[in-house]
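Look at the two complexes coming up: chain A is in both, with chain B in one and chain C in the other.
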Partner chain A sequence: MNYEPIYTNLRTTAERGMVFAAIEVLIDALYKKGGDINSLIETEMPNAVVRPLKQALTQLPDTSPKAMHAYLEGLRKQLAMLRTLSLEIAFDPTEETIAVLTGWIREYLGNDIIMDLSIDRGLFGGARVSYEGRYKEINLAMLIENTIQQQNESIHAILEHTSV
Partner chain B sequence: MFVLRLISNGMNDKFASYLNATGEVGYVRRVVSSLTYVEGLPSVRPYERVMFENGTYGYVNAFTEELVETISFSEVPLPAGLRVARINEQLSIPVGEELLGMMIDPLGRPLRQDTSWISPKKYRAVDTEPLPIRARARITEPCITGITITDIMVPLGKGQRALIVGDQKTGKTSFLLRTIISQIREGSVGIYVTVGKSKIVIRQIEDTLTQAGVFDRVIVVAAYAEDPAGIIHLAPSAGMTIAEYFRDAGEDVIIVIDDLSMHAKMHRELSLLGRRPPGRNSYPGDIFYIHARLMERAGNFITPVGERSITCLPVIEAAHGDITGYIPTNTISMTDGHLFFDYNLYVEGRRPAINPFLSVTRVGKQIQPPIAKEINQLLTTFLSSARQLETVTSFGAELNEQLKITLEKQRNVNLFFNQLSNEIIAPPLQLYLFSLIWTQQWKDMPPEKVEKELHTTISRYTSDASFRKQVDMLITKATSLDALLALVQKNNKK
Partner chain C sequence: MFAILITVITVHAWRTARYHTQEGNEKQKLPEEVEARHILSNANREAVEIIRMATEKALEILQSAESVKESTTSSLAKELTAVAQQHKQYLESASLKYVETYEHMAEQAQEEYLSTLHEASQVMAGDAKRTLDMFETFLKDQTIGYKQQMEKKIEDLRNNVNEQVNEYKKEKLKRIDKSINEIIISVAKIVIGHSLNVKEHNELVLKALEEAKKEGFFSHLEL
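Coming up: the complex of A and B.
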């Protein structure tokens, strides 16, 4: 089964967590009398996923609870397998920022990747990125520190020259 | 609408510096007791130290296809999701002269807060390759224990790996402490490793060594029973690392590992938690390798300053006197002999309860002084035939004079081997006492009287310098056992 139209609409681990919770609710509702799956999808799922999920369910060859259950389980497994890129930034990202970041990351790493966003107010002018065990911290403080270390001698010379 | 993880306190500086230095990060994905499975850290190596985001440390134990199995030193299970940084160095502990007279944990941290602690500057890896055969020498010096039955019947050599095996509460610790004290008085450095022992036992060990005035030449590496399995498991290797440091610094070292059966249990626990296939008695397949690798780090070595030894005395607790169990037989096969502490002898009142017939030394006899060697041969034959005789007499057979003498001699030899728990007997005195027993100086005396005479002679040797000199001279003068017996008889007639 193709889950790509659904997971490409997810961008962060937080959104994925919401989908996981919603899948639980949907699976429960499948076997209840009078359970309206479509309205549950609208209320429980993140907006970005509602339409592709509804479409995928309607296109299923068999719409019995058992078949839908299998589809949702498959979706859950697929979501768990998504690769994660951790990103620490110093500010609350807007929707637009998240969209830009996701687009940029997917351009280089593929569609099956989501971001684990977190905030560290102590970071100034930069970010910490980790992906598949690799870690990189790029921020203003570190850049200044590195530059001072690398240019230590020339900075000293300038300071001595100025004091004379 | 997005739930974001807020890192309020910022990152631990040390942790951050490790992350930046290696450019690698891992995340705790699964925790099973002390075992922590980490995703990430692509270039991490076995036995490399890692730091968890909460400030605790651990080391890499194994790899699965996707995860890194680490052993954490945290006392509480770590939460999943925690970040992990590589430290890019092998698991190592501080070593140096500063450790002498200290009680440390297997990671080299001081355990007594009231002592003045100067942290050593040097570090050594805990898991190292044993030195190759070309770096080893034949054992040439005896390792004096101060215990008569050992020094005469099952002698040890410096650099020997001698297993101490026996039931619980059969006097093993007392024997080990006296051996360490004797060796320290001869100039060695002592290392006492406790593996999962209670605090009270460790305190008693510390007190005994302090009272003997040798604690400033001892390092106690203590892993308490309540420590995490990862720490307890590390204790023998940590002790051996310290021993290797002192060997390379030009010292002879004696190391006691009390006990290796607990270490085996810890290894089994960690292996089962790591879902490795269990073998005999549920121990993993590599238990022999782990212990043999540890034992191979001891021996007599050729160093730039001459031959230096690491004498290793690992302890194995046998259940109900059974030394045919998996771990006892393994360790018996990888050591150079064993001393068997017999529960039945202990109950009979023999101290130490070493059974000379079930004990073996594969090294000690070749370097035993000639007279002691003669006594050894003589007593092996005598005690064995006397034991058979004892069986016959137990049926109530009438005894002739010769048999009575033999049985009395046997009783006195056993009394001669009996030692108080704090008694250390110097080798010349051991030979002198044997001569007294063998020449029947205390003939027809009741056992209590013989015992009293023995203790009087021992305390006289310690307190009376002229008597000590006289005994030492007698022993030096004697060229053979017969000559010694003649000299002692002559001396006593005077």
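Coming up: the complex of A and C.
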């Protein structure tokens, strides 16, 4: 089964966690009388996943609880296999931030990658990037330090001039 | 002398008695007692005569001896007086000479002592002056040497202190520079970090991703 339309819309590990929890709820609801799956999807799933998931379920050849259960299990396994790019940033990410970063990742790295976002305000700006044991840090503090080191002589000249 | 006279008398009496004994033996016809008396009487008479003569002789001798004695005593006294006088004069003369000699020698000794003392004092004064001059020269040399040494030490100390001060200044300036840099960086981070809006933050994160991509960080992921 093709899960790509769904995981392509997943952007962060936090959203994936929400999806895992929602899948549990949905599977439970499949075997209960009067369980409204569509309604649970809307309330439990992240917004970005609601529409593609509903569409995928309606397009299933067999819409029995067992078939839907199998699809959801498959989705869970597929989501567990997504690759994770860790990003430490200096601020609380907004929806715009997540959208911009996801756009860049989909464009340059692929659809099966989600972000694990965390916050380190000591960075002041920029990001600390790590993926499968590789590590790269480019943050505002380093940029400022490098700039000041490059301008060290002129800064000293200014200091000496002002101290005299 | 008197003993000699007695001896002569005794010998004469013994010879006379012996003669009469021999004569009696020849005249054995005379009664012994008369003859003995006669002999004794003769002997006594002769002895008295001899004693008288001896006494006279002895008196003469004694008188002569007395005379000689007086003469000798007188002469001896005169001689002794003369000798004593001579000795007295000699002693007086010798004493005077001795006193004169002693005084002369004392004067000479005093003069020599004074002369020696004068010379010694002059020598000592000369020595003292030379020693003083040498000491003065030595003291001057030492003072100059000590002054030069002190000047060199002070110069070395000054150079050393200047060097230490310069090193200290350099070290302090380095620390100040480092502190200023840290302050500037810290202030810049805070000011710039706080002044960034979300869009600028996003751009910085994208810049970080772009930099990582340029360095091949995602080479195995890239499409």
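Quick note on the criterion: the second predicted complex is superposed on the first by the 142 of 164 C-alpha atoms of A that agree within 3 Å, B and C clash if a C-alpha of one lies under 4 Å from a C-alpha of the other, contacts with A are read in each partner's own complex, and residues count from 1 in each chain.
FYI, contacts are C-beta pairs under 8 Å (C-beta built on N, C-alpha and C of every residue); 3 or more make two chains touch, one makes a residue touch a chain.
None of the values given here were measured: they were computed from a predicted structure.
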{"item": "Chain B versus chain C as contact partner of A:L140, first or second or both or neither", "value": "second"}
{"item": "Contacts of A:L87 with chain B and chain C, given as first, second, both or neither", "value": "second"}
{"item": "A:G126 touches, of chain B and chain C: first, second, both or neither?", "value": "second"}
{"item": "A:E96 touches, of chain B and chain C: first, second, both or neither?", "value": "second"}
{"item": "First (chain B), second (chain C), both or neither touched by A:I155", "value": "second"}
{"item": "First (chain B), second (chain C), both or neither touched by A:S118", "value": "first"}
{"item": "Chain B or chain C, by number of chain A residues touched", "value": "C"}
{"item": "Set of chain A residues, in rising order, touched by both chain B and chain C", "value": "121, 134, 136-137"}
{"item": "Residues of chain C touching chain A in the complex", "value": "177, 180-181, 184-185, 188-190, 192-193, 196, 198-202, 204-209, 211-213, 215, 217-218, 221-223"}
{"item": "Footprint of chain C on chain A - complex, ascending", "value": "83, 87, 89-91, 94, 96-97, 100-101, 104, 108-110, 113, 121, 124-127, 129, 131, 134, 136-141, 144-145, 148, 152, 155-156, 159"}
{"item": "Chain A residues touching chain B - in the complex, by the definition given at the top", "value": "12, 14-15, 17, 46, 86, 88, 92-93, 98, 116-122, 130, 132-137, 142"}
{"item": "Interfacial residue positions of chain B with respect to chain A in the complex", "value": "1-8, 10-11, 16, 19-20, 22-26, 39-42"}
